[in-house]
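All chains are identified by letter, namely A, B, C and D, in their written order; residue positions are counted from 1 within each chain.
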Amino acid sequence: MIFASDNWTGASDRVAAALVEAAGGYAPAYGNDPLTAAVEAAFTRVFEREVAAFFVATGTAANSLSLAQFSKPGGVVFCHRDAHIAVDEGGAPEFFGGGSRLHRIDGADGKLWPADLAAAIALYPAVFIHHGQPAAVSISQLTEIGTAYMPAEIAALAAVAHEAGLPLHMDGARFGNAVAGLGVTPAEASWRAGVDVMSFGGSKNGCFAAEAVVFFNPEQAKGFAFHRKRGGHLFSKSRFVAAQFSAYLEADHWLGLASHANAMARRLAEGIEAASGSSLAWQPQGNEVFALIPKSADARLRAAGAAYYEWPTAGPIAAPLDNQPILVRLVTSFQTQASEVDAFLQILSADAA
Amino acid sequence: MIFASDNWTGASDRVAAALVEAAGGYAPAYGNDPLTAAVEAAFTRVFEREVAAFFVATGTAANSLSLAQFSKPGGVVFCHRDAHIAVDEGGAPEFFGGGSRLHRIDGADGKLWPADLAAAIALYPAVFIHHGQPAAVSISQLTEIGTAYMPAEIAALAAVAHEAGLPLHMDGARFGNAVAGLGVTPAEASWRAGVDVMSFGGSKNGCFAAEAVVFFNPEQAKGFAFHRKRGGHLFSKSRFVAAQFSAYLEADHWLGLASHANAMARRLAEGIEAASGSSLAWQPQGNEVFALIPKSADARLRAAGAAYYEWPTAGPIAAPLDNQPILVRLVTSFQTQASEVDAFLQILSADAA
Amino acid sequence: MIFASDNWTGASDRVAAALVEAAGGYAPAYGNDPLTAAVEAAFTRVFEREVAAFFVATGTAANSLSLAQFSKPGGVVFCHRDAHIAVDEGGAPEFFGGGSRLHRIDGADGKLWPADLAAAIALYPAVFIHHGQPAAVSISQLTEIGTAYMPAEIAALAAVAHEAGLPLHMDGARFGNAVAGLGVTPAEASWRAGVDVMSFGGSKNGCFAAEAVVFFNPEQAKGFAFHRKRGGHLFSKSRFVAAQFSAYLEADHWLGLASHANAMARRLAEGIEAASGSSLAWQPQGNEVFALIPKSADARLRAAGAAYYEWPTAGPIAAPLDNQPILVRLVTSFQTQASEVDAFLQILSADAA
Amino acid sequence: MIFASDNWTGASDRVAAALVEAAGGYAPAYGNDPLTAAVEAAFTRVFEREVAAFFVATGTAANSLSLAQFSKPGGVVFCHRDAHIAVDEGGAPEFFGGGSRLHRIDGADGKLWPADLAAAIALYPAVFIHHGQPAAVSISQLTEIGTAYMPAEIAALAAVAHEAGLPLHMDGARFGNAVAGLGVTPAEASWRAGVDVMSFGGSKNGCFAAEAVVFFNPEQAKGFAFHRKRGGHLFSKSRFVAAQFSAYLEADHWLGLASHANAMARRLAEGIEAASGSSLAWQPQGNEVFALIPKSADARLRAAGAAYYEWPTAGPIAAPLDNQPILVRLVTSFQTQASEVDAFLQILSADAA
């Protein structure tokens, strides 16, 4: 009953097999190998257009380096208040941007909304240098609360960003779950909606450690290789990231893995809705379920070894009153078993018995 | 006949097997897993003292973050003219150090020598802030030209560094080859000789991608976790680097791999010395052979598919005259087959026939 | 009728005379001159304790370098939502801190309050590196809305900061106005209340360009000279900043200038309170008056050449309705003439006629 | 007998008078004042073309921010081994460039030479990202040893730089002395010879503290205001730097001051050549004289209160043998009196008596 995070998972069988298969022999270093080239081609196929793809070590690196590519002195990156870049990346986006500022914007459903974004950008008029200058807009797909931007929502944000001359970056740590959940193509969920550059995550969804920065306009990737190198993120044995991505992208394996995770999340969500005393905080759109569960259920689940995080409702967490429901985040993954879900739900509902 | 670099290699069987074995199940993220803890303990065992070890993505990251830990405003890092940090890391050490300067020092045998180091440090007197301030000393083991510092040589440099209040960093990308070549213990080749922090490389010697920063005085590692996080180098699924290191360190597997590479280098070196028209540029002390070979031999070897790099002798490479010997670097590895070496030597010596 | 900002002013006669007097002859550069030494002594006298003082070019530099001295990787600086460092310094504090984050906190009266500060710091628990780590607390005296922290208020914030191991920085761009307004000593308004380092501003209150960073514990200034030099803020002809500060600090000239500015602000405030249709937004405690005035009065004042800024009430400025009062900021200075104030008030009140 | 440095000087009468004259009244802050605009126009007149000029606090800031404008990740700036940016700016150019590297090149006469520059640039081939990428070329006028680049020499370096797509920066801390010494126009010594951006120094030649960055192609200055602001180098009371430059540039006052300094240097140089036992190290081309003088003369001069620096001949200074000549640098200025020079020469020649 591990619902702590999808980064507690292992690797999918196919990904693991591909890595082992690539383990022998020799290949040129630093990405000049055939497997890396093949994966670059695979990205182009997946996204139905020529892209420039760069492997990096972590999602934090992917986000920070993506944004560094568009950094400016006094540059400001606009993002949701709860964005991973703003909360959980230890200052990496600021560091790689030479001291960037993250302008955090509130927004319902964990999303940035066009009018709010436009209003925030307007706080930095071009003639007034003291405030700094807009540099980029970043959104997360899935959002930090497990919701998914619909292509039209992305397009509306992209319109605001582009109108202001800013690129739109997508933190796609759970892009696979979003695409699978929305039932759209990767292209529709990204560049066709106006995304300029994406952090494409593989680690949470079946890879050991495989992250990529994908530029949808290769011209905008000019010089990016130096950002990656300067950040210590150019793997010498690039082919071993490539091997993972190769299996991950082949025959939509990644979408299959994500679909399974999403299905498990739905199973979990339905069970929670059906359970007396528990409820969904909001509808999941991927592999993350946010639920309000009774304190007594929480105690039973913890005792049974279930792993998941209590989620802050706002600011510092107040101690909940006796058996007052608490907000928890439950993350499913490609590894989640239906039996795990069912066991969880059974313990959750034990009160009703 | 691949002697281009040890980063063209794959992974050792044991390392690959360990990674696959770890691929299933769940584990806490960000290094809070049992396997990561076990590897930290393994490092303590290998070095015969308590150490603080941190996994990072690349050797460049290991070096740059190690030095960042000791960075100062206007800080100067002293290193050999040919040091990897000064030549091949795309400005990463400078970037992570907030604009550090690398003060490059000439030195015979690819090494830094104590008197030269002391003289360089003396160029930055404490009372004269315009020049900047000394921050750290960095040496490479093996050096960039394949030689190895003996413990006494390291100790002499450490004495100069410590006298000036500077830490001694070791770029141990090929530390295993050095230890195996010198016939000393890891402790003797590092902290017992005065090394304060080391980049411990696994990727060139049997791992897929496994690098670590090892502090020999854990007190000096205080706050380092924030440097790593800010650099985007904290792996969420840390256990997969741990799995590699686990197999790598167990039962001195790493030293066995390095010993094999070194033996292949010796076989190669002996063959070159015996070959008419070719000669060693200097004696190898690890897994790198630098040799002067005739242009005609180079042509034959290239035609036969041999891979290796011609090495600059000084500054921009002048076009060599007809059949003038050229300097080449030949790197062996844990994968190198005796038959590869022998095939190379046979082609090299074909002139003599 | 210039109430735009105290940085629209010139220099006081005494400051100008001192500079001209120092203009001849020779003196050692980079602060090794007798006049610089004398000013360092003057700061020690003014603050009734040994301090370490460093001249820099601007208030932005003073703030940014002060905070850089305490920077950490992933470091977070806590400040009021409207702090100058967070709004008007073009990303300099972030830049000099190597990518610091400014955590902005709401607070009544333009001030940070202890409970809010403690709650904000608590968002960055030491064991959770993903969020970054607290590095410093910064307050502005006067605040951005012209209020002044009382010593007891500062002490309460200092207690929270120090409890968390953080230094307390004071942006003293208008420190003189605060001290004069509070009727306390410079020591009481700074280190006796727990301030560790201060940006001591002279430019807004009678100097041409004279700003200093003052460390109340000289031990904490260790290495700061390198921060200043690396920032390009070490003046070669330091004695010309010293000359300004020399006259500025002598015989409490700075407090005399500030007292005059404050008196003019009170005169202005009293007149506004008396004027029909206008009102004070809040009571001034220094040389800044925030007032709500009718649109018609604003039009008359502008037409008559008065200079001042309309102030945003929240977020992007909404177009005010017909003759709805607008919020304006009126800044007086050592130069302000009572006749300027009276002329302003007369035009303001013309409606009543 | 003060020949220590031209930054030991005060301000010229005209500059001092202009500053005092500007000290009264009000003006918009941050460069939006008429005097700043007038100086921008004056720069355009002086250089006979439209330029974009930005005031900053110090020469170090001017150099570092100029180069920051052209910075790149992993960027390399090419300069002479002895360049001020490489020796005396405490890491500021590296810091403002986000970790730039200064590639130092040897060169006779204190100058960079085209073939050496081309060879150095060639060490960073575009396809090989590990070394970093060329970003800019910087030369000093006067050089660090008091020689002056002729326009044709600059043009030859500019050709190499531009061929490689790099801007040519000039550190013009003593540009006035160079222009006066060469007998060319400011335009001929700068943009007509291919200089793209210049640090235009006033502080060493008659100003209190006045430095500017001048872009000869205003298009290349785009966004530079944000670099300056982020560096804390935007003066709020910009008009006081403007006032200095206004007097400095008017009626070629700056060239008059520089010509005087140069004439004093020639007088000094001629006297040294005539003195028995002393000699010029090389011919001065501005206001810096490098001479070899006997140790006994040095002792007499020091005893008589003469101030000047002994100059390192190479690396750490070896203790000179008994009465072996030592190399000294003697800097004249707009303040130098002929009587000072003559007194110096008389003491120097006392041996001959």
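The working rule: a contact is a pair of C-beta atoms (placed from the backbone, for glycine too) under 8 Å apart; a residue touches a chain by one contact, two chains touch by 3 or more.
Treat the numbers as computed from the prediction; the structure is a model and nothing was measured.
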| item | value |
| --- | --- |
| If a chain touches chain A and chain B alike, it appears here | C, D |
| Greatest separation from chain C - chain, by CA centre | B |
| Euclidean distance of C-alpha centroids - chain B vs chain D, Å | 42 |
| Chain A-chain D separation of Cα centroids, rounded to whole Å | 51 |
| Computed distance of Cα centres, chain D from chain C, in Å | 34 |
| Where chain C touches two or more other chains, by residue | 30, 73-74, 89-92, 95-96, 98-99, 129-130, 132, 226, 229-230, 234 |
| Touch list for chain B against partner chain D, complex | 73-76, 87-92, 94-102, 119, 122-123, 129-132, 315-316 |
| Residues of chain D that touch chain A when the two form their complex | 30, 68, 72-74, 98-99, 129-130, 132-133, 223, 225-227, 229-230, 234 |
| Contacting residues of chain C [partner chain D, same complex] | 2, 4-5, 7-11, 13, 16, 19-20, 22-30, 56-62, 64-65, 89-92, 95-96, 203-204, 208-209, 226, 229-237, 240-241, 307, 335 |
